[in-house]
Amino acid sequence: MSKKPIRVTVWHEHVHEKTNKTVAEIYPDGMHAEMKAAIEEYLGEDVVVRTALLEEAEHGLTDEVLAETDVMTWWGHCAHDQVDDAIVEKVHKRVLEGMGLVVLHSGHYAKIFKKLMGTSCSLRWREAAEKERLWCVDGGHPIADGLEGEFFELPETEMYGEYFDIPTPEETVFISWFEGGEIFRSCCTWTRGKGKVVYFRPGHETFPIYYNKDVRRVLANSVKYVAPRSSAPVRVFDAPCIAEPLEEIKGDHEVDQSLHEH
Amino acid sequence: MSKKPIRVTVWHEHVHEKTNKTVAEIYPDGMHAEMKAAIEEYLGEDVVVRTALLEEAEHGLTDEVLAETDVMTWWGHCAHDQVDDAIVEKVHKRVLEGMGLVVLHSGHYAKIFKKLMGTSCSLRWREAAEKERLWCVDGGHPIADGLEGEFFELPETEMYGEYFDIPTPEETVFISWFEGGEIFRSCCTWTRGKGKVVYFRPGHETFPIYYNKDVRRVLANSVKYVAPRSSAPVRVFDAPCIAEPLEEIKGDHEVDQSLHEH
Amino acid sequence: MSKKPIRVTVWHEHVHEKTNKTVAEIYPDGMHAEMKAAIEEYLGEDVVVRTALLEEAEHGLTDEVLAETDVMTWWGHCAHDQVDDAIVEKVHKRVLEGMGLVVLHSGHYAKIFKKLMGTSCSLRWREAAEKERLWCVDGGHPIADGLEGEFFELPETEMYGEYFDIPTPEETVFISWFEGGEIFRSCCTWTRGKGKVVYFRPGHETFPIYYNKDVRRVLANSVKYVAPRSSAPVRVFDAPCIAEPLEEIKGDHEVDQSLHEH
Amino acid sequence: MSKKPIRVTVWHEHVHEKTNKTVAEIYPDGMHAEMKAAIEEYLGEDVVVRTALLEEAEHGLTDEVLAETDVMTWWGHCAHDQVDDAIVEKVHKRVLEGMGLVVLHSGHYAKIFKKLMGTSCSLRWREAAEKERLWCVDGGHPIADGLEGEFFELPETEMYGEYFDIPTPEETVFISWFEGGEIFRSCCTWTRGKGKVVYFRPGHETFPIYYNKDVRRVLANSVKYVAPRSSAPVRVFDAPCIAEPLEEIKGDHEVDQSLHEH
């Protein structure tokens, strides 16, 4: 793995900022600007970050951008349906090829996340400006690196509660306690093809979540964690016929290959 | 969980039997008939088995049949594309609700399997009538129950080799050794919503695989393993707003709920 | 798997009942009597339950009892160190052979649990008679079968909080919310050899936890879940030399076997 | 995470070299010298490597050495029993604190590996100088980084076969095909406390395994992979009483704390 910077694309729906005064005041330059700033703050010269928005041509995810992206972060909420299926297919393919993906907050219902998980990705929720405390349950995980305590808190947040319909996570890094009585698996990871996927819960648009230093750190750590980690030439897509065996096969078999067109 | 029989639907593509003489001779009543017989042989009064075919109306998977199915087995190969997307959606929903699914052999490329896995499900293959030896690597697993040895063999089989592009299995029960030099994770399990999914590799249509006693046993064990195991009322689909918290939330927050339409 | 009853041994330290008035009043016949009653209440004729106590000869775990035990439950707290290492070895061997083990509450620090986990099994705790709410995060799991809601509550309980130093659980069935601000992975499972291990958190001795109907049900479900599930002849202990290969090995190798005494 | 070099300690039993002519000829400076060279070859300035031997005082693992070790590799075979239990306890503690551990070949029966796994770690074996082909089943994993093919081969090797009695691996990177008919999970990872553990199979002493370029690369990659990844202050050992809750607990409970001496 080279020491070249990780090429990050912060993808953002960018709708609420244009329609809701509260959100516009919190993020005058858009949430994507603050997410970009957070990643740069912690990873510095180890990253080169660009942004891409739903409103742009091809949602900002042209073939060229995708080819040059090592890690993508994804925030969406009210416009999941407006994301073109063809773009989702391309992003999915890039993940299997090794591109890391960090899905944030209401992105749990994004087409790309549901496609990668294979489940409904539903959950329960409440917007009551309640307190959330995120407990680290895997202190050795690089996503937790640099945290100063065994938990961190958000004073006012939207609640997401279980049952969160996701496949059994390979790793669970944080579990949230909510003032109103729920718990939630707030930071989980999965492998899909050569790619790593992280889901990280915080990020509600009407609270200044992406200004919180611990959220910023975890976001940056997640980006670093899912960056491509191997150049090994494993085939993810094609189903090749390996007609010539590696070892001699005994017997004298006549095989009808006509059926096979995988 | 009641002691009522497990209601099994053996789904079969049923194309090769009609177009290939070898397959027709091996399975004069169709592969589905032999799979049904195998499940009944080992599970007896614990199951009620029906079959459903691609060629039938709604592929034999009407709402009524789906509602009455506890476990579905799936064999397909050359006609994956002919399976209606709307039916795939319904089967997917039933898995998340708790229906077990056993995907067989070339079903690795079935729409329903790819949708549940979130990956390409590709693999390498070769048809050279070579020997396969399936080693049990989880001897305590119920899918291995009743096997007499630490492995079982198929004298002539199609080869499937790694890399098999599946999410990290939660459980791996068998790993195959192939005469031609490959290995393969041949029996794996995953959880999706309330449902369990098993992939079991053997089943190539031009060899009499479903007459092999160990394959029959593993098929039956898999059906039993993925049968619904819990009546707990966990919500898998909707994303309900729980406006009334379970615990009192301090402070006096005015919350703008207008944004939320999960 | 036969339809013979599951043979359960409820192992109990049985010290607090003799030294603490509160505990003695809650459990006049000992906690083991109530745990036995709970298992019998839900599993009826599917189980035969006996008890074994620290104070008995060989802690009640003679070779004969061990050989006749399919599932063991384990409760201990202040006398972990008094459990004979030789008995721990025997219990450990039985788990690898396929005996199920359900470790309860303060049993997290039992020698047998630490030996099976390979970690410190430490956690944080507080005794403040606070409320606990156990959320089901795997509704399809048989351990959750029969629960009427998406969570259940204990009005007064000891708190156990993260970080709980256990290996990544294979399955997590419940996560607890505590009134005082912590969360905890309260019901987890692991595979060790042919055996299944469950840890279930509730069970503090100064509250009437084992009279709670949901706790009783989960205890019984756990016993059923870890019962032996396979008769497959996998070798767990010896490291046999397989001098005669299954397949012909080419070449003419002189091999010095003198080094090998695995 | 700092950019300081990873401090590696290559631990070696170092007995066969002194008692067996074949081994002495292959490794005139001891296997540890060649393992050290391999790690340095691939990781260069990213590591500082020292060696420690069974024959040294405290097996070379003084408190000072342990405190200064980020990653330890472990090779042992005929002298597992001569490793002092007190040293094993110290190494175990360091793993839970975050030290990475790479266990090699016959180290599967080392005290430290069995203690971390909680199982017997037994397997089947044969020494017949047969061919082994290691297939990569997780091409995105950093342990596979830099490999040129989808598999690599060892022309002559000792066979290790399943059932390998280990807990379900969190990650499986390679699975071996053996000429004599067996398969084996040859490279697996687990988390224990804050530490990562890798088991990597190749390394038989009478073949020049550690001169193979792919084995060397995987060894170096494994060292890099298990290096400490987080400074988060999670408590692994003590079980602290958190008498002061983070949130107010309602009611007026008199709690008898006298029982608690975790």
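Observations on the model:
Letters are used for the chains, namely A, B, C and D, taken in the order the chains are written, and counting of residues starts over at 1 for each.
We take it that contacts are C-beta pairs under 8 Å (C-beta built on N, C-alpha and C of every residue); 3 or more make two chains touch, one makes a residue touch a chain.
Protein names from UniProt, one per chain: A, B, C, D = Trehalose utilization.
Owing to the predicted nature of the structure, the values given are computational and were not obtained by experimental measurement.
By residue number, more than half of the contact pairs of B-D reappear in one of the listed pairs A-C, A-D or C-D, namely A-C.
Of the two chain pairs examined here, A-B and B-C, the one linked by more C-beta pairs in contact is A-B.
Put simply, the C-alpha centre of chain A (Trehalose utilization) and that of chain C (Trehalose utilization) have 36 angstrom between them.
Between chain B (Trehalose utilization) and chain C (Trehalose utilization) the centroid-to-centroid distance comes to 31 Å (mean Cα coordinates, whole Å).
We define each chain's centre as the mean of its Cα atoms; on that basis chain A (Trehalose utilization) and chain B (Trehalose utilization) are separated by 28 Å.
Within chain D (Trehalose utilization), the positions touching two or more other chains are listed as 133, 136, 138-139, 150, 161, 163, 168, 170, 179, 181-182, 191, 193, 234-236, 246-247. Chain contact topology: the protein chains form a complete graph, every chain touching every other one.
Residues 16, 20, 22, 77-78, 96, 106, 109, 115-120, 122-131, 156, 159, 161, 163, 165, 167-168, 170, 179-182, 190-193, 205-206, 234-243, 245-247, 249-251, 253, 255-262 of chain D (Trehalose utilization) are the ones touching chain C (Trehalose utilization) in the complex. Residues of chain A (Trehalose utilization) that touch chain D (Trehalose utilization) in their complex: 1, 98, 133, 136, 138-150, 170, 179, 191, 193-196, 228-236, 246-247.
Chain A (Trehalose utilization) contributes residues 133, 135-139, 150, 161-164, 168, 171-172, 175-178, 181-183, 185 to its touches with chain C (Trehalose utilization) in the complex.
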